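Each of the next two complexes has chain A plus one other chain: chain B in the first, chain C in the second.
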Partner chain A sequence: MNKRFSFSNIMLWLGFLFIYLPMVILVIYSFNSSRLVTVWGGWSVKWYVGLLDNTQLINAVLRSLEIAFYTAISAVILGTMAAFVLTRVTRFKGRTMFGGLVTAPLVMPEVITGLSLLLLFVAMAQLLGWPSERGIATIWIAHTTFCTAYVAVVVSSRLRELDLSIEEAAMDLGARPLKVFCLITIPMIAPSLAAGAMMSFALSLDDLVLASFVSGPGSTTLPMEVFSAVRLGVKPEINAIASLILLSVSLVTFIAWALTRRAENARKKAIQQAVDEGAKATWQQAPSSAKS
Partner chain B sequence: MAVASSTYKRVLEGDQQPKEVLVKIERVTKKFDETVAVDDVSLTINKGEIFALLGGSGSGKSTLLRMLAGFERPTEGRIYLDGEDITDMPPYERPINMMFQSYALFPHMTVAENIAFGLKQDKMPKADIETRVAEMLKLVHMTQYAKRKPHQLSGGQRQRVALARSLAKSPKLLLLDEPMGALDKKLRSEMQLELVEIIERVGVTCVMVTHDQEEAMTMAQRIAIMHLGWIAQIGSPIDIYETPTSRLVCEFIGNVNLFEGQVVEDHEAHALIDSPDLERNIFVGHGVSTSVQDKSITYAIRPEKLLVTTEQPSFEYNWSRGTVHDIAYLGGHSVFHVQLPSGKIVQSFVANAERRGARPTWDDQVFVWWEDDSGVALRS
Partner chain C sequence: MNISRSISRRMPKGRHVVIGIPFIWLFLFFLLPFIIVMKISFAEADVAIPPYTEIYTWAEGQLSIILNLGNYIFLTEDELYLAAYLGSLKMAFISTLICLLIGYPMAYAIARANKEMQTVYLLLVMMPTWTAILIRVYAWMGILSNNGILNGFLMSIGVISEPLQILNTNFAVYIGIVYSYLPFMILPLFANLVKHDHSLLEAASDLGSSTFNSFWKITVPLSKNGIIAGCMLVFIPAVGEFVIPELLGGPETLMIGKVLWQEFFNNRDWPVASALAVVMLALLIVPIILFNRNQAKEMEGRA
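So, the complex of A and B:
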């Protein structure tokens, strides 16, 4: 009994409350039938139904998902390349500077990145005629710049802890460097590639500042949509869409957790089995070796 | 030690087959920035032999092995395999395979897939790959583990898989990097026996790197002692232990008692050495060919050849008085630390042949003596 109300347990629950209570309230208010966000008017799902008719909001969601998807792919490819060069090519001119430049977007204020990208795009449009119009492509490029940095950090830390001799062994057995990378390195760093892709996806989905700078007419992303809607006064519809996002994020997290747990259990079982069999084998060997 | 028998036997009998050179390393130097890892090394490795590179850390033995594998390129010098210059050949084109210290098994592949990897790179037909993999699995007694992933195997099993993988392509040369480094002591001596057996059955030429002298002496037919990037001595285990050519080799392999001295008499059939550590001169049963100017010499004698007795020897040379300073009982033998009148402490191994014999104890007066040809006179 005492244990349940110990100091650390109370602090744990206070912490959870602090983080998750606002979200719970948001979900509850998304079922509010009143038009005013702060006044409770009974339960209703009309805002969810209303969402389906709000094509502008639905389009923004789809657009954001599209950009996030592209960003995840391009950031993983570029980030992995950068990480590989940083960890495997030991000596080349300007290595330190390259390392710094790759990770600089992590600490760069978004406002500055956004503004400079906007200026770049405007200048390019004038000089090259591309991009003639800012839109999904420009947002995608902008998101890729900073997501690449995150991927590079995640992947290079994994590459660094990888046993180099595994790649050497593959080369020793006759695989050319590119084949070694595809057949050996990629499968071994797959978890960190997935993590990088998920992170890029989330970061892109969430970004407001960069998108505001480089988006054009007709390419409003979800955060921009939500933000502008809130500026005009919080509508219960926003609560509804936020609740839906929360639901999908929790679902994805839960599925990922369940999958890793299953894999972990299978692994433990296999190891246990191997240990048991190994023990059995030694028992069988023991009498025979004693005889000889 | 049963382990040593086959190698030891061959060394004693001498090689009947004509020696055919497989690897020729010609004046190879490797520099990393300013540090010289391998310094002007030349050596040849014969077909079918197990050759060990023995040395401490930083002796350049691993760098030399990596140059053979192709992971490092020599700064100077050439390497020939079967007469072909392979110095600039990338590792994936060399008919050389390596077993890594960490085994470096591919964690995402099964045992069978690991072994098949090298064969797949050669574009071997699928059916042939399967036969070869089965053959290799049988060779290392791992057939029932074919579908396991490396993390489901014990250390010894992983080593077998690594060995099978490096032998699958039937390389001309097999490289072993600290083959027993990741195993515990008991398993180590078992695996040494088995490894030599498998290598001999396959008949592959083998270069191993190790810092463990016992391992090198058990497994290898010839040993090169490396120190600071150069080779101090090459020879069979017996050569290296019994007739070391320098103090360095002498002190590196096993224990040794060293006496500094001057050659006072030098004939064709015998020589006399006067050491300040000993009251009597050292009699050597052969000439030591000193130069006229420098008569100083080091006389080295192994502890098991230095005998301890309680009775005063009757001959003139090669003995000394002493007192038992300390005794270390090691089961099979005891180490007697005997203090000579000059203050120098010498070591002597005494086999514990009797369970409880009467033998000298602490502070007893004893005599140490040795045969005319027990020690080695060293010029350097």
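So, the complex of A and C:
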């Protein structure tokens, strides 16, 4: 049996074709000089150049980037805390509820979260007078809430893999929990924190439904801008902006992946080296007991 | 001695902060909003800012709460809403099934690949989940439309003589949902399949079990948790999906996310939109609890 051409491998490649072909077609057609979508009129970058004159679009891009930046920071802080609680604090009142609150935003339909957050903001504005105007702040709150769940999942899987004995050793030597967390735990989970931040940034940049509900006049984000244009049909200008988004997100994802992978490999190498050296030392000190 | 006492004295304080901050945030911005949705679903639409009536009034030192069930009765009277709920459940169910049928072999192949290729495959699966869903759905609009690439291709090779109407049908919505949610099916399945002990399959084959038989009787039951997680990650959000039916679906596509959006943004009927959300949540509460239990097990490493 040839393992290379097994059913599952064929499915894997067909699946990748299914996932990537539409995106490749989109990028190719963004360079089409013809205004008609199906007619190929030769290569051209005029749709990209045209984007630069669209100040409304550029403002939306800047606004989206700003929100995504704030979201990445806050979601990593909250998500890491949540992950720490879920993996390290085994017993406390309301733990089940805490776990539910952390993971439910992962699957909750966006229209429900969006509607409920908007109603909360309206009620808050009536009672507290804040937020008097919906905009960047309210979108940031909405995005942080659902990104926290993603960060918690990513970070908790890393926290579970960690060797607890290192933290315990530091604790035994008198380091306070906060110090242990900052000096020992954080450096060890840094790749997953970076991954969580990246993910939050991308998710925030991508969100249409939540932003549509909780934004106010004058705070249109990039997806909202694209959506209102897309509703009217396929247009070459949108092909261009869509390709730019696709390429930039793919590039950033790829860089992040490569960096994490390098850090991971370096870590494994260091551990292997330490183990080898340890073994060598033991062997040199007591050759007779090396068999064990 | 002294140190350990100081740790135990400080521990609870830090613990409360660490538990408290995310808890308060999620309570305020995730749980509390549902209670408000619940409240407003019992209110009446009003021409005011905000556009609904208060359900409680203070009169002569007495608090009276009027729960108006009108919105819920309205939902049962109009067939549109029932059809939209059933349509969403059917769409989500079939899409989940297709995702499972495509995603399982893919996850299986990735789990069986060598370590070096595994990271590359995983990147290829994960990359689309980070890139705008809106744009990936938009890409299909250009492919499926009447004068789109697919129809152009099929006509040029002579399979069809007239363009097929694919865009703005339910079929296009199925493609869109499967396309967008496929990675969310593959990732949990992979996470589960990669942990399987290969020797079980070898033992079965030594005892004369066919490849398919051992797959069906050993691999599939062992991957139950992965299947549940993957299916829930696809099914639950798909029920409330708005972008895909809006862009790829047509007038025949009745999905509750789209109806809720229209009630809210076009009709500005906030109480009816809230009632729609409450009923949707009631339909989804069992799958959500199932998912949360599964996820909690996974997070604590008990699975």
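The criterion applied here is as follows: the second predicted complex is superposed on the first by the 235 of 292 C-alpha atoms of A that agree within 3 Å, B and C clash if a C-alpha of one lies under 4 Å from a C-alpha of the other, contacts with A are read in each partner's own complex, and residues count from 1 in each chain.
Note that in this section a residue touches a chain if its C-beta (ideal position, glycine included) is under 8 Å from a C-beta of that chain, and two chains touch if they have at least 3 such contacts.
None of these values were measured; they are calculated from a predicted model.
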Return first, second, both or neither, reflecting whether A:G174 touches chain B, chain C, both chains, or no partner chain.
both
With both complexes overlaid on chain A, does A:L86 touch chain B (first), chain C (second), both or neither?
second
For A:F18, is the partner it touches chain B (first), chain C (second), both, or none of the two (neither)?
second
In the overlaid three-chain picture, which partner chain does A:L251 touch, first (chain B) or second (chain C), both, or neither?
neither
Check whether A:V122 is in contact with chain B, with chain C, with both or with neither, and answer first, second, both or neither.
second
Hey, is it chain B or chain C that touches more of chain A?
C
Going by the contact rule set out at the top, does A:A194 touch chain B (first), chain C (second), both, or neither?
neither
Would you sort A:C182 into first (chain B), second (chain C), both or neither based on which partner it touches?
neither
Kindly classify A:A263 by the partners it touches after superposition: chain B alone (first), chain C alone (second), both, or neither?
neither
Pick out the shared contact residues on chain A: the ones touching chain B in one complex and chain C in the other.
171, 174, 176
Okay, in this complex, where on chain B does chain A touch?
69-71, 90-93, 96-98, 100-102, 104-108, 117-118, 121-122, 148-149, 151-154, 157, 165-166, 169
Write out the stretch or stretches of chain A touching chain C in their complex.
6-9, 11-12, 15-16, 18-20, 22-23, 25-26, 29, 36-38, 78-79, 81-82, 84-87, 89, 92, 94, 96, 98-113, 115-117, 119-120, 122-123, 126, 141-142, 144-145, 148, 153, 156-157, 160, 171, 174, 176-178, 198-199, 202-203, 205-206, 208-209, 212-213, 223, 226-227, 230-231, 233-234, 238-239, 242, 245-246, 249-250, 253-254, 257, 261
Given the complex with chain B, which residues does chain A contribute to the contact?
163, 165-166, 168-176, 179, 184, 187-188, 267, 270-271, 273-274, 278
Residues of chain C touching chain A in their complex?
3, 6-7, 10-11, 14-15, 18-19, 21-23, 25-27, 29-34, 36-37, 40, 50, 102-103, 105-106, 108-110, 112, 119, 121, 123-128, 130-136, 138-143, 145, 147-149, 152, 179, 182-183, 186, 232-233, 236-237, 239-243, 246-247, 257, 260-261, 264-265, 270, 273-274, 277, 280-281, 284, 287-289, 291-292, 295-296, 299-301
